[in-house]
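Chain IDs A, B and C follow the sequence of writing; residue 1 opens each chain.
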């Protein structure tokens, strides 16, 4: 027992140390920054960094908002399309089902960053750059393979007698989906939703090429743009404050939805 | 009757509101956004304030402070220009970016906006790098050119030819007067291309001709590359130059360890600062060349371009004219050590008192050469840097390096559709 | 009739995954650059000839393989360790799992910026500690021999939780009785690890390697923000070079060629990996049986 707790502390330290350093930096004054281990510096602590980030133009919460909008819409679109699709996937005959799943699996494996150029060409041709709603289309498409794999394995787990019984009750396919099957796959849907949300929230290369307007940037791109101007160390406290503010929503998400995230990832591993 | 009044009051209020808001919109000053690398945004901030005071209510000039690294500034601009018209009206551009932006059709030709008087006011050499396909796209703010720094306390006059430079270096080293002969920028980055261009021209070679012929494997180019290599093998330059950029070279020269240095004009004021071991002992000239060839200086300048999609080119022009005016350039020269581009300023006594090398800079500007004026410059320079770097770090011979650079460059021209 | 419901999803997947690959193959035989106004013009395989002679592409390939191989190896070992700890039932396991997951859940760019500060010379904690210990500054982010190691550390930190969870899923499929029986036969815990856990975990380890190799091969966010590919393009990955070709050099044709070239190499190396792992599994099974 005791050994387990010691090991817990080791893992947590490893996971959190870099983040705590950011937290520490974010409260440090410029004088304290250049001597991080000297605690005798007078006026060591400050909130200025946060004030600077929150009053910048555009203010930091704007990026959080943009990321949230993109994340939510992408998640909804993905679910609307993938739930019926996974249902029908399970209903396919064994052989075609296996082939289709294999295709989805390789798509889920594909290093999607390589798709940015073609997607950029699409954005240019259709003139949909700098549009947060448009950005959710590639995001939904990119999350689709994973969503299909997770949801179809959930549908597969439902005993076929259950659906059969509902059919005999006279429910048509939509009613069965709505009242019997979807409630049954709710846990898998939650896992899928949170994973898709995380992906869309964190996505970088596509957002980088589809967005250039300062006011529309999603969080990862905004952070990277800030990083671009930090070759020299001077205004670092503000950057640290930005990374801390950007991490808080995710910290909350992970604490609340830990079970769903873990089961989503592990389900993917077991069934995939 | 009452009801009519009741109807009228909102109507009147609405009308008043509409009129005032239209007036308010009309009164709003025209906004001009300029994207600049961070150092320029800082150095011009006072000038920008002055401009906004002078044009209060008419034009509001916003400077967008870009990243510190110059390439990242260009990346930022390109990523917005690739998507739509972009959010900037004016861009402060490095000389090597211009052909790419112009070829992409993102810049507004300035020919009809700039008068002949303006053009005549430029110092000879400052006009280089502002045009593409015979159209003017950029108005220069700061001039910059490669210089050869030499030690007045060690010799009476600077060497004129590559052989002399090498010989003097070795003699001074043998006498134990300096540790190194000549320090320059040998790291694999853009600075190495700038160094090479000067040497290449000094040996009579050409990087890319006007007809898109690559000349990197010509005898003169190979001689130029071999000379750089010889600097290191003869120990006139330390092996460490293969990892030097400007600051390292400056540091070696500033501490009195080297007899010669290749660097940009900014180094001069650094060398005159307290703590410099060579304060008052430094002379400045242009790069050495073979007899019969001209001494040249790689041009590296910054200037303003107006983006094609701007709604207010006239207001943008006013801002550019203000920021690059004689008064502004004088201010930037006195406060930031920027080299001006206006002819008259090179004879300004106050500036000469502040920076006695100004006449030398005028000469150097006069012999400035541009890096190849092609939209493909960034790729082509990368290829050359790579080969020169492996030549200097002893992996390949000069002939091999230049032949490979030639091959790579030609393949770039073919693959991009420049050559058939 | 029901299978019609698959159409929108398949269409989207084809649009985003299939079409680009077809488009890249087509583009790679065309010049589509700032010279042509980004309008494709056939160039007789000029892009591919250039790719074969392009030292930067090969340097990036070697760097990408080195980065992927080293980080994935470290990740698997560390992840196994973490998974074994997380598998122990103990109070507070949920919170520990959440906190372990955090690095994986954060946007890469956030911590890429953070790591840049941690490795900063001279103000970062690492440099400060080294100075306190009188070792002197390492200039980690400006020495080509060290910078890539810093990027490996950042990548390992971020993605190990993901691998750990996959392995954890595997651990939970191993029945407890197996260990019980092994203990009764007098096996030590270390032997249990090598004789039971690792062999039974093999499919999951394999899956972890597969996923992570594919992702590491496309590494982009981390490198772009943390080092920008430098110093002297020593940390540049294939994906970054493709990005630079498109967004900085305005050369879409060559960018597509670089991506396809990288993709082909990825397939070849995963195939080799697969054969090797498959082969070694067979050999081991032959020895143990």
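FYI, a contact is a pair of C-beta atoms (placed from the backbone, for glycine too) under 8 Å apart; a residue touches a chain by one contact, two chains touch by 3 or more.
All values reported here derive from a predicted model rather than from experimental measurement.
Taking the mean of each chain's C-alpha atoms as its centre, the chain lying closest to the overall protein C-alpha centroid is C.
The interface with the greater count of contacting C-beta pairs, when B-C is set against A-C, is A-C. Each chain's centre was taken as the mean of its CA atoms, and the one lying most distant from subunit B is A. Averaged C-alpha coordinates put the centre of subunit B at 39 Å from the centre of subunit C. Centroids built from CA atoms put subunit C at 18 Å from subunit A. Multi-chain contact residues of subunit B (touching two or more other chains) are listed as 69, 72, 79, 82. Looking at subunit A, residues 120, 209 sit in touch with two or more other chains. Counting partner chains per residue, subunit C shows two or more touched chains at residues 247. Remark: subunit B residues 69, 71-72, 74-75, 78-79, 82, 100, 103-105, 187-189, 375-376, 378-379, 382, 386, 389, 404, 407-408, 411-412, 414-418 touch subunit C in the complex. Those residues of subunit A that touch subunit C in the shared complex are 1, 4-5, 7-8, 11-12, 14-16, 18-19, 21-22, 25, 33-37, 81-82, 84-85, 87-89, 91-92, 100, 103-104, 107, 109-121, 137-138, 140-142, 144-145, 148, 173, 198, 201-202, 204-205, 209, 219-221, 223-224, 226-227, 230, 233, 236, 239-240, 243, 246-247, 250-251, 253-255, 258-259, 261-262, 265-267, 269-270, 272. By the touch criterion stated above, subunit A contacts subunit B in their complex at residues 120, 123-124, 127, 129-130, 208-214, 225, 228-229, 231-232.
On the subunit C side of its complex with subunit A, the touching residues are 2-6, 8-10, 12-13, 15-17, 19-20, 23-24, 82, 85-86, 88, 90, 92, 94-103, 105-118, 120, 123, 125, 128-129, 132, 157, 161-162, 165-166, 168-170, 172-173, 204, 207, 210-211, 214-215, 217-218, 220-221, 224-225, 239, 242-243, 246-247, 252, 255-256, 259, 262-263, 266. Interface of subunit C with subunit B (complex): residues 31-38, 41, 43, 46-47, 49-50, 53-56, 228, 232-233, 247-251, 253-254, 257.
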